[in-house]
Amino acid sequence: MVVAITVLAYVFIPYGYNNQFLLFNMMMYMALAQGLNIIYGYTGYLPFGYVGFFGAGAYGSALVIIYLHWSPFPAVLLGGLAAVLVGMLLIPLFRLSGAYFSIANLAAAEALYYIIANPHLASVTQGPYGISLPQVYDPNAAYWTMLAILVFALILSGLMRRSRFGLALGAIRENPVSAEMAGVNVVRSRAIAWLLSAFIAGVSGAAFGWYISVFYPETVFSLSITVFAIVFVLFGGSGTLLGPLVGTLVLYGAYNYIGISTPQYFQLTYGLLIILLVLFLPSGLTSLLRKRGIDVP
Amino acid sequence: MLRKLVLRVVLAAVATAVSLGAWASPSVIKIGTLYASSGYFSQASTRQYDGLKFWVRQINAKGGVYVKAFGKRIPVKLIAYNDQSSTMLAASLYNRLITQDRVHTLVADYGSVLTSVAVPLAQEHRIVLFDETGTSGKFFRPENRNRYIVLTGLPTSSQWPKVLAKFMHSKGIRRVAILYAANDWSGSQAKTLNQTLKQDGVDVVYFHSVPDSTTSYSTILHSIAEYKPEAVAEFGYSDNDIAFVQDYANSGLYFPMVFIPNPALHFEVVRKAVGNKALRYIYSYVAPPIIRYNREVTYGPTLNEFKAAYAKAGGKNVDLSTVAGFNTGLIIQKALATAPKFTQESIRDAIDKFSGKIFTLDGLFKVNRYGAQVGEFLPVGQVLPTKTGVALKAVFPSESAVAKAVYPAPRNK
Amino acid sequence: MNLLEYALLAGLFYGLYFALVGVGLNLIFGVMRIINLAHGDFLMLGAYGAFYLYHLLGWNPLWAIPIELVVFLLIGLPLYYLLVPRLQKSGDPEMLSFILFFGLSQVIEAAAVFVFSNNQRSIPASVFGGAPINIAGQVFPVSWIVSAAVGLAGIGLIYAYLYHSRPGRATRAIMAERSEAAATGISVNRISALAFGIGIAAAALAGIFSPFMIGAIEPSMGIGITVISFAIIVIGSLGNPIGTLLGGLIYGEALMLMQTYLASWSELLPYVLLILILLVRPTGLLERAVRSA
Amino acid sequence: MSPDTEPVLEVEDLHKHFGGLKALDGISFCIAPGEILGLAGPNGSGKTTCINAITGVFGLDSGAIRFAGKTINRLPTYRRVRLGINRSFQVPSPFLGLSVMENVTVASVYGGNKKRDPDHILEITGLAQIKDRLAGSLNSSQQKLLDLARALATDPRLLLVDEIGAGLNPNELARMTDQLRALAAQGIALLVVEHLMDFLDRVTDRIVVMDAGKELFSGQLYEAAEDPRVVEAFLGG
């Protein structure tokens, strides 16, 4: 139901509304928010360096397009795999708890950024000079690809909520020791959620790189991408399918309509919003509905 | 696939409508641009935006810009959004300018990073992008086959250090150290200087990059000193330059020549941050307004006239970005005044026709087929003491020079 | 050889200074188990304070020290009561505080853009007077030596506070076991508020010298400094303010050696150090020794 | 030996140290199906460490743990759970954010044996009435029952019960005693860790008394009360 409405919206809005990139970004953030939700909402680990997967995906796909002349669709998938690879390298970080995990993950994303942007690797990654993909530029195709990614993310997230795997993740989030005592393979379940989450960010990054076709390392490793995704999830309510969608719709919409006329207030508003959310509504908008006994998908 | 087809048809219909509409004269000429009021590029971007705004005000005071295709003056409406130095937001806003506001002319924000996202968009939507200061070479590669971009101001950044290399050669400098921050703009200058010097037979004894965010150079300066260079060139953004010069001044080290690029772009910012003393005898490029094109100017106001008018209108602190913004307005003005048809293609062809034939306060305007600026060049300047403090003065080549270079720099400055 | 000596000495000065940069974050973490992600932003505010005192009133940055210590202590106390007790009642204070202070960091940064604009600012290093100083045959800027000395003094004062004053001893009791400290009649909130204020004041103090050691001041400098500080305190050992000294020194030396021999990779350093230490010894290098002491 | 009397669990000479502390120092014992073995000892004597070792929370320095004749030393916890080992926690640790039903369902789905119907488990533990409530909203004795229910949902052959009597009122204690006896009657082996002797007295005959990671005494409960070493350990501890 939620998925169907979303798809219909993104299929038909472009005919009436012209700023395709805004819609693209909206889809992208919805997918990223769902991806983040899979790891944060369902397992409780907050990856502050989530953008690292996004950047890995953008670069992974761009490099196979440039050097191996892949066509964009397989390249986007490869971008997802590149992010999964990075995710695998970071699995040892799960030995850390809570905020340590978050900070270490942030450090890892920054390290990846500095490696890619390093001029010594310019012959491989183009270093600080950035990527340009005029040969495959096709924003319409990238738009539909992003929609497919969003649908994938929504279905995945929806399945998580209903399936036994989602239940296991919930158990891990609540208490990893007891989860193990319930027979859940904590390490493997968490790793699967982590890699799925990385994959979504990776393909999103790859589609984004394809859509804009010219980008610099700082564009696709910008910390603000993580921040947006986190705020959208928190605002809407983590651990639900609807929460991140609503969060993105409301806040990203506001960002584009209020934010552009008076942007100087925006960072301030976002910051205050985060503070107020944590203090007064730590489970997000959807928790208001749930408190009234309304079941939120 | 069907949807894609439908979308294509719709797009084509829109494009047809736009080009048909091109024959009817619009009530205003819509110029769309972006600026950054916050973030990394805000300082230069707002100046550049101010320059463009000033041009709009001036031209509207005359009743609008003359459009040859309609044989009359039409008022200009500037539609500008704030991208906050974010490429992601910028991409969305360029999109909005093109697809929703349907601007007639698209002007990029400051610098290569914020320009980058507009380049493919403009090409896709077949609208000429007036690129003010996005000097990255990759926008202008022949293989892009992109006719929809024109670099109105400075040459591509890789061209900048060519005169610098000649200067070093002319002073008999044999050993040069090059240090650069890892970004497109700095890296391409460093690369060119390295290659040009090597062709001239000058030894590049040190050629290294540092991360973009480096702000502590003392240790690096000591490593450089080990190679005993006669000249050190550091390429970076202004905070790199500021830290580099400060650390050099405090290091107790001495090099006969030290070069940094940013005083040419915003001299006062650098001077205020590091103080007069540290900046003395440092070399940089010189560009308008420091280099004053007055006699040579064949189109638009001379630099002195511009400065006077700008000050009268309440503007202050004219720097290169201000001039670049204003100059873009001039190029648009000339293009509309000469293009026989009011279409993007006609405008672009008109630009090719007057390319190389007009000289503005920003220098000779000359672009190649792919829009890269090849007319302007950047002389070498040096920060020299004056009665009231310090000033950056052109010292090379001789036809641009207003002062004589002090080389080697005095030891106990 | 000459270069190596220079790098090692420079690393020493940097290390002492960076210990001061990190110590406030560590004190707050040790007492409240809260990661103050706005740490770097308080440092930035301290830097602007010194900048304006210098540029508007012509005051030497050294005068900024007493003023800022008082001002930031006074900012820290109410901020504590506003945010922290409420957080600690929640289900997951460590994670939520992490997000909350991130929000605070955004607010401070945005407000700083309003008030100070985006222009990069700096204080000329010549404010501490003349010629560079010659140490062991190497020449160093005076500003480095002053910054390092203040860094050392700052750590020393915090040591004295923790080990030789009554509230300091109570602070250590809370660090060891919060609930038991409360049971013995220590006013946990008051002592924590004080530690919070001191932590923020220490960040501001480090900020005064940031133009000489870190680079130009700008509103967005905070988050990067927070990450570096975090690396330093993790190396030294989390929750142990004195361990920060070791963390700072290791970071300073490593940074200078990297800059000398592998400059283009030096930016990776804090991140790689942080990940390695977290994975290999999450308790930090000093933990064992301090526990038995 | 007939299959019935073959021990379901054998621990042999377990050693584990943390830093300078010897938490387990050569403890050995075994339990037969349907048997209830008490594990007593003063605080810090290594009882809970013993449970953690058997469930695989950490690796051992040396020693062997055999379950149904198979050495399980190196298996991760969830594999041991699926083989049929489970426990309750000293401080009950249900999944606070999940409902009672979900708590039990997770265990019955992942714990290895799907034949255990969650509803049935809730019935026998007396939680059926509150199955839709969040575990976080239960009181502590209900949480203890839920902990037990979660363990039972994995169809265990060996149940390690850690200080389950603490904090229960006499009524609840009596019910818990019956419950444990009933489980043993079904053939489940129980290791009941308790430092309260009188609770042990009601559920078991045979006990092992630990001190400083070692076995101090092994035999009948009434004998233990007369053993001077045991008396000293409890009074001195």
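As written, the chains take the letters A, B, C and D, and residue 1 is the first residue of each chain.
Keep this in mind: contacts are C-beta pairs under 8 Å (C-beta built on N, C-alpha and C of every residue); 3 or more make two chains touch, one makes a residue touch a chain.
Note that the coordinates shown come from a computational prediction; the quantities given were computed from them, not determined experimentally.
Colleague: List every chain that touches both chain B and chain C.
Modeller: The common neighbours are A.
Colleague: Moving only between chains that touch, what is the shortest number of steps from chain B to chain D?
Modeller: 2
Colleague: Can you figure out the chain closest to the middle, judged by Cα centres?
Modeller: The most central chain, going by mean C-alpha position, is A.
Colleague: Suppose each chain is reduced to the average of its Cα coordinates; what separation in Å results between chain A and chain C?
Modeller: Centre separation, chain A to chain C: 32 Å.
Colleague: So how far apart, in whole Å, are chain A and chain B when each is placed at the average of its C-alpha atoms?
Modeller: 35
Colleague: Cα centroid separation between chain C and chain D, in whole Å?
Modeller: Centres of chain C and chain D (C-alpha means) sit 48 Å apart.
Colleague: What's the distance between the Cα centroids of chain A and chain D, rounded to whole Å?
Modeller: Averaging C-alpha atoms per chain gives centres 43 Å apart.
Colleague: Mark out which residues of chain D touch at least two other chains, giving numbers and ranges.
Modeller: none
Colleague: Where in chain C do residues touch two or more of the other chains?
Modeller: Where chain C meets two or more other chains at a single residue, that happens at 113, 264, 267.
Colleague: Mind pulling the chain B residues that touch 2 or more other chains?
Modeller: 38, 182, 209, 211-212
Colleague: Which pairs of chains touch each other in this structure?
Modeller: A-B, A-C, A-D, B-C
Colleague: In the complex formed with chain C, which residues of chain B make contact?
Modeller: It is residues 38-40, 42-43, 182, 208-216, 218-220, 222-223, 226, 238-239, 242-243, 246-247, 249-253, 269, 273-275, 277-278 of chain B that touch chain C.
Colleague: For the complex, give me every residue of chain C touching chain B.
Modeller: Touch list, chain C to chain B: 2-3, 6-7, 10, 14, 113, 118-122, 124-126, 131-132, 139, 141-144, 213-216, 218, 220, 224, 256, 259-261, 263-264, 266-267.
Colleague: Residue numbers of chain A touching chain B in their complex, please.
Modeller: 11, 14-15, 18-22, 25, 114, 117-120, 122, 127-130, 132, 134, 137, 139-141, 144, 212-216, 218-219, 222, 224-225, 256, 260, 263-264, 266-267
Colleague: Touching chain D in the complex: which residues of chain A?
Modeller: Result: residues 164, 167-168, 170-171, 173-175, 177-187 of chain A touch chain D.
Colleague: Could you please specify the touching residues of chain B with respect to chain A in the complex?
Modeller: 3-4, 7-8, 10, 37-38, 81-82, 84, 86-88, 91-96, 99-100, 113, 116-117, 119-120, 123-124, 136, 138, 143-144, 146, 180, 182-184, 187-188, 209, 211-212
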